[in-house]
Amino acid sequence: MSMELEPLADILIEPAIRAALAEDLGRAGDITTNATIPATARARVFINARESGCIAGLDFARIAFQLMDPSVALTIHKPDGSDVAPGDHVATIEGPARAILTGERVALNFLGHLSGIATATREIARAIEGHKARVCCTRKTTPGLRAFEKYAVRAGGGMNHRFGLDDAVLIKDNHIAVAGGVKPAIERAKAMAGHMVKIEVEVDTLDQLREVLAIGVDVVLLDNMGPDMLGEAVKMIDGRAIAEASGRVTVKTAPAIAAAGVDLISCGWITHSAPCLDLGLDFDMLSTS
Amino acid sequence: MSMELEPLADILIEPAIRAALAEDLGRAGDITTNATIPATARARVFINARESGCIAGLDFARIAFQLMDPSVALTIHKPDGSDVAPGDHVATIEGPARAILTGERVALNFLGHLSGIATATREIARAIEGHKARVCCTRKTTPGLRAFEKYAVRAGGGMNHRFGLDDAVLIKDNHIAVAGGVKPAIERAKAMAGHMVKIEVEVDTLDQLREVLAIGVDVVLLDNMGPDMLGEAVKMIDGRAIAEASGRVTVKTAPAIAAAGVDLISCGWITHSAPCLDLGLDFDMLSTS
Amino acid sequence: MSMELEPLADILIEPAIRAALAEDLGRAGDITTNATIPATARARVFINARESGCIAGLDFARIAFQLMDPSVALTIHKPDGSDVAPGDHVATIEGPARAILTGERVALNFLGHLSGIATATREIARAIEGHKARVCCTRKTTPGLRAFEKYAVRAGGGMNHRFGLDDAVLIKDNHIAVAGGVKPAIERAKAMAGHMVKIEVEVDTLDQLREVLAIGVDVVLLDNMGPDMLGEAVKMIDGRAIAEASGRVTVKTAPAIAAAGVDLISCGWITHSAPCLDLGLDFDMLSTS
Amino acid sequence: MSMELEPLADILIEPAIRAALAEDLGRAGDITTNATIPATARARVFINARESGCIAGLDFARIAFQLMDPSVALTIHKPDGSDVAPGDHVATIEGPARAILTGERVALNFLGHLSGIATATREIARAIEGHKARVCCTRKTTPGLRAFEKYAVRAGGGMNHRFGLDDAVLIKDNHIAVAGGVKPAIERAKAMAGHMVKIEVEVDTLDQLREVLAIGVDVVLLDNMGPDMLGEAVKMIDGRAIAEASGRVTVKTAPAIAAAGVDLISCGWITHSAPCLDLGLDFDMLSTS
Amino acid sequence: MSMELEPLADILIEPAIRAALAEDLGRAGDITTNATIPATARARVFINARESGCIAGLDFARIAFQLMDPSVALTIHKPDGSDVAPGDHVATIEGPARAILTGERVALNFLGHLSGIATATREIARAIEGHKARVCCTRKTTPGLRAFEKYAVRAGGGMNHRFGLDDAVLIKDNHIAVAGGVKPAIERAKAMAGHMVKIEVEVDTLDQLREVLAIGVDVVLLDNMGPDMLGEAVKMIDGRAIAEASGRVTVKTAPAIAAAGVDLISCGWITHSAPCLDLGLDFDMLSTS
Amino acid sequence: MSMELEPLADILIEPAIRAALAEDLGRAGDITTNATIPATARARVFINARESGCIAGLDFARIAFQLMDPSVALTIHKPDGSDVAPGDHVATIEGPARAILTGERVALNFLGHLSGIATATREIARAIEGHKARVCCTRKTTPGLRAFEKYAVRAGGGMNHRFGLDDAVLIKDNHIAVAGGVKPAIERAKAMAGHMVKIEVEVDTLDQLREVLAIGVDVVLLDNMGPDMLGEAVKMIDGRAIAEASGRVTVKTAPAIAAAGVDLISCGWITHSAPCLDLGLDFDMLSTS
């Protein structure tokens, strides 16, 4: 099991997979497989890559199959975080044919979705290699899957932003407007959130940035600034805060943003719009009894 | 509320939104908003389209905001199924500023995701307009969101395939291999599944199709056939079964598939890889007390 | 484990048994057994039939005991679907005495209830043997136990009707009245439900039947027709739809209904009013330490 | 709402009905009603008795309809505990037609099941009228529905026995055998269970009864004794314990058992095998728009 | 595993620990341990007492660690109910270092809390040793933990009062006032609650006590009476009911209350205000790989 | 409703109160109240302080009563965070007598527990008034109640530390030992946890402190240092990190710790061992019909 996922598996991951299986099995289960495949039939199948990408979520696939039958064995050839090419064997699965056929869709739905996110993340990460900037995710995630999608971002080489509204402060223009200015907004946040919580403020202009830096925060979010303005901003920050850039980040725009010297480039696209990585199950052996 | 979603709202939809809000609020809630926005502040915001597409999921947005505060009102300008252009007001939301700021991300995560699926579906649907073929979805859906994604497909003008492994039979090559042929596979399925369950068989060749038609099934899945072969298949079927085509369906390939005369074109891409539709919240009024 | 139940066990069945055990254990558990039986005592008991009938639900009994203690072993002598006579050993259970005494009631409540349904189903099935008609169940099931009761129907030799409101269309007189006729009702259903969903229409008269057949549906429900009228209906249908008869079906009336040539005879009684099959636990060995 | 159920409604009853609705709605809801009935159509229906019996569970029906649409109104004509004759209007329901059609089956499944139990209880209660004995239930209940079935027993005029293994001690022969006699068994139970828990011991013979009375318990369960032996037992007990009779209790055998002077007659049949009371929905008004 | 907890472990205890772990792990798990401790590192630690007291809850600690990793072994040196002195090894835990470090806080939170309750109970129990009186708990427990806290009371040598509002009747002054007197209150309770439920009445004066005894109940709660008045009450009761004293019970006041001859002394303090017992984890071995 | 709790009420708080009510109502509800109090009786009661302290948790009390009956009104006289003296009216509750009597214990169990924590926090906070130091809590909380206990700490004037293992890094000696030193431990944590997560390191000596400061972290935990050593530590830190002191913090020791100049004083006692604040319900009016 992936080292990072291990301590969460029993508590957080299994219930999600259980729910996905219940969603697929409905009230009567896999009536096709139960009618056509004897309970004694066994199978060996490969999870194969049908396109290039980065793998994430093999433990989800394994747990899906093992919830169908604990005797299913999954041997990993390309662990989470690996690059794969079309045709690569990602894993071999062996066990009761029914469990494999019935669990297939849920296993692949998780694995393809998370690998898609890892792949998108890696593309950005590769594009900015050589710069100190790291790509990071946002809270623009699929409802119910946030922790898993954030894991996929890490598997693809990215960093995680906030996991929720409660684990860090991010002050935006509306907060500032109602609070009556940047200063009162930051002060109230510091008073309420306590010493273990980081505070980030979003700025759109260098004037705003100057004001925020004078007060002092942990992170500044430089939103929708072009590379030149970002460069000026980084100079102005001069190490007094972490510099995070956001807005219209693509594989094409990322290198220039990174070159401006920011610490982080955050990007909603990698979680909310990454296409599924095309992976399929190919049967290597399927006994008929 | 959308007519179709109404009877599911209290039983199926609200629990999912509640879970998504719990995922985002964590253990301490929106510490930024609670620190900076007084409980008495009120806001009026627009949900605006930032790109063209088809809307689906406004009830999810409404329920998300109302779970934060039941007094939030959402006025719909572009109901589910509407086409929108960049800048269009999709809905107006009015209520306590905290509820709106705190619920914003979950509301948009649902709405953007489902609208993305509706948009992708509509693109295919438009591409095959004039033919009798309808686009339909698969079980390649995001874990936990299947029923909602299938609703989005309908909102975009598509049809739904099976909701799970239990509500129809779909016999594939592996089932046939183990069952000892098409005939025993279909017979066992009919014996087990009963008279209220449709039976579909996947075929890759015209020979297989001929065999299946001789036995008689409700639907045939013509997998990965080119337009010409599809045309022959449709002729061979001659109304004795519903003809569903699948495999490498895109906006570009769909018209030729539809022209071959099939009844349905099924497509995993519209649910598992449709990018989020870009929608945003713009503040029209934000009181400071 | 019963072949059919296997893939559902971990996902659907165990949670239901867990809930039933929690209902019986309450907040303090089996205070009688805990006070009087040492943790080391072991027992071997028979599940014995006290009357004739058909067994269904042994896996539920096994899981109930094993949730109390995973080391309990259950050896099946009369698997699900078997006929039993008074005095027959249905299964032997061996393990810690506490687990067996504490789990006994929940195990027998499931097993007796499901065997009662299997027994009632088999009585009807036997009464119509020799005819092509099969007995099938309805949605008149005990809240929370539908999937299990439908399994018991299959164990008794019956077929299943819809599992819920979502997996097939059944149009009744009220739907027709509001939709403005049989034709618009069927057309709307076909448009909404899609190609994988069967459509059944209930008819009370031969005129209605004629109208429905002219439009074309998968199944017709011939409600409360006498044997003669059923015979005419079957002739009129002539294989163009599946013929299902319902209304006042008992062991006595079933043969005449079946003789009319229908395909299915549906019957609410077998699930909502079948008496529990009388099964009991008899101790073969009970160690005192 | 029934006075007794009121404080449990929000905490215990609603979740069970919600689960039953989810079981029936599945993933796509009532596709028949949604396709054929406009969201604006309204209906007024009667719940009518189709046979004689005793009503229990109207709140379950009401909550089922109101979970579909909170605007549904249910007017009760025959409250829980009432006797009904065939044709009697039990309640009138008025509201959106979709909510009524979609909620109908779950509402009637609860109401028919619980009314069946109330009816069976009342039959026994009537049979022993004039004697001091009261009929009471057992733990032989339908998994998941125990508290509701015990309410139905009270509605039918019966008393409740233990709700679970934890709220009273009931020592049977196996407990005595392992504990090394009646005396150590009772003493251990008293030591563990504490002063707020009643202790009952099952006896099959007058000798056992004598032994138990000498030690002192709250209740004795006189199992499978004929009327004469029961009479002797009651004399022997002479008010020192509550006398409960059990075993082969039917409407026919109950009067003689009651005449023997016992305080309670317990009976598993009324909960595990009572047939559903036949109740149906008849439409009084159904608007077409 | 503690004999008493065994049958509840899988059904009641594990879900509570799972929830506590989810509360602590949040969405990302133990980021400190995952970053700094290799998955292969192993550890052996002692749970040590840092002050004197009575142990309760070792199974909770064990399950917490094993939910993190099923291979963690916990060897018990001081089982539940044992007295410990500062420095005593209570248990040894051995297994993967990550599982131990991540599970530590939840394990100790349960163990310290329950041991605190057992310790407080034992102090009162010791103070009244030699008298027939037993200390017992109340319903003044921590929300969500009642059954576990009542177990800790038993581990400390106390008895349990009601587990909830449903398993015994306790009539207080307000019930009497509204019911129109002690007699109608008791009669209504007897009529509703049935023969397996004990009835207790709270009295503040000897006159009230006389009235209650004349009617007859199972238990009288002598509230806030001084030792002399308690002595008179006990004489007046003369074995016709169980005598329970309550009000301002401390280690200092308990002996005089016990000396008055009551059967039970109930005390809210032992569950709602017992300080946590100070227990800590000391590492005996911690491998670095 | 308390401003801070508002956005969590529906999502986080209500489910916890619902569970506590289910724990208390069991399977049969408040049989005493249901038997003795008519459904129409109404009551007005005060929540009164019986000792001095600080209030926290009135919303929990309100929700508990309103889940019993939504018409119960709670008027707050001493809002959360208020100091109270014996005899003070904290709130007035008016509504159906049954709802108030049945909900009383759960309401008070929450309110007393949380007020106890607020009271303990305030005592420490008062003891260090005039210094810049703030008292803060730990993860030593009651399982299942952490977020609520941390709210009570804020109500009492304290600050919150981490809510879980996932929202900040806290490196202790064992992490350092296995990671091979302070430097690699901190570096690995920074690499994994990302830019929105604070990093704290526990140090026992000034040498360790110097090493940590040289690397740079957000917070240092000065564990078990005496006031003099703390003073030196604060001087050494010189604003480069937040200084948190822990270990044997009591009302007596806190002033000297605060005087040493630290920023935070963390203290497990205020959550895990604060005695319940004594609050009671006194009836002002109780109608008998």
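Letters A, B, C, D, E and F mark the chains in the order given here, with residues in each chain numbered from 1 onward.
As a convention for this text, contacts are C-beta pairs under 8 Å (C-beta built on N, C-alpha and C of every residue); 3 or more make two chains touch, one makes a residue touch a chain.
Quick caveat: nothing in here was measured; it's all calculated off a predicted structure.
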item	value
Common touching chains of subunit C and subunit B	A, D, E, F
Touching both subunit A and subunit E (chains)	B, C, D, F
Subunit D against subunit B, contact positions shared by both copies (same if over half, else different)	different
Where subunit A and subunit C are represented by their mean Cα positions, the distance between them in whole Å	44
Between subunit E and subunit D, distance of the C-alpha-averaged centres to the nearest whole Å	33
Interface hub residues of subunit A, defined as touching at least two other chains	23, 25-30, 33-34, 38, 102, 146-147, 160, 163-164, 166-167, 197
Topology of the chain contact graph, where touching chains are joined (line, ring, star, complete, other)	complete
Subunit D partner contacts - residues on subunit A that touch it in the complex	23, 26-27
Residue numbers on subunit B that touch subunit C, as the complex places them	136, 154, 159-163, 166-168, 192, 194-198, 200, 219, 242, 244, 263-264
Subunit B-touching residues of subunit D, taken from the complex the two chains share	18, 21-22, 25-30, 33-34, 38-39, 67-69, 98-99, 102
Partner subunit D, residues of subunit B touching it in the complex	3-4, 6-8, 10-12, 146-147, 150, 160, 163-164, 167
Complex contacts: residues of subunit A adjacent to subunit B	16-17, 19-20, 23-38, 41, 43, 97, 101-102, 105-106, 108-110, 112-113, 116, 139-147, 163-167, 169-172, 174-180, 184-185, 188-189, 191-193, 197, 268-269, 272-273, 275-276, 283, 286-288
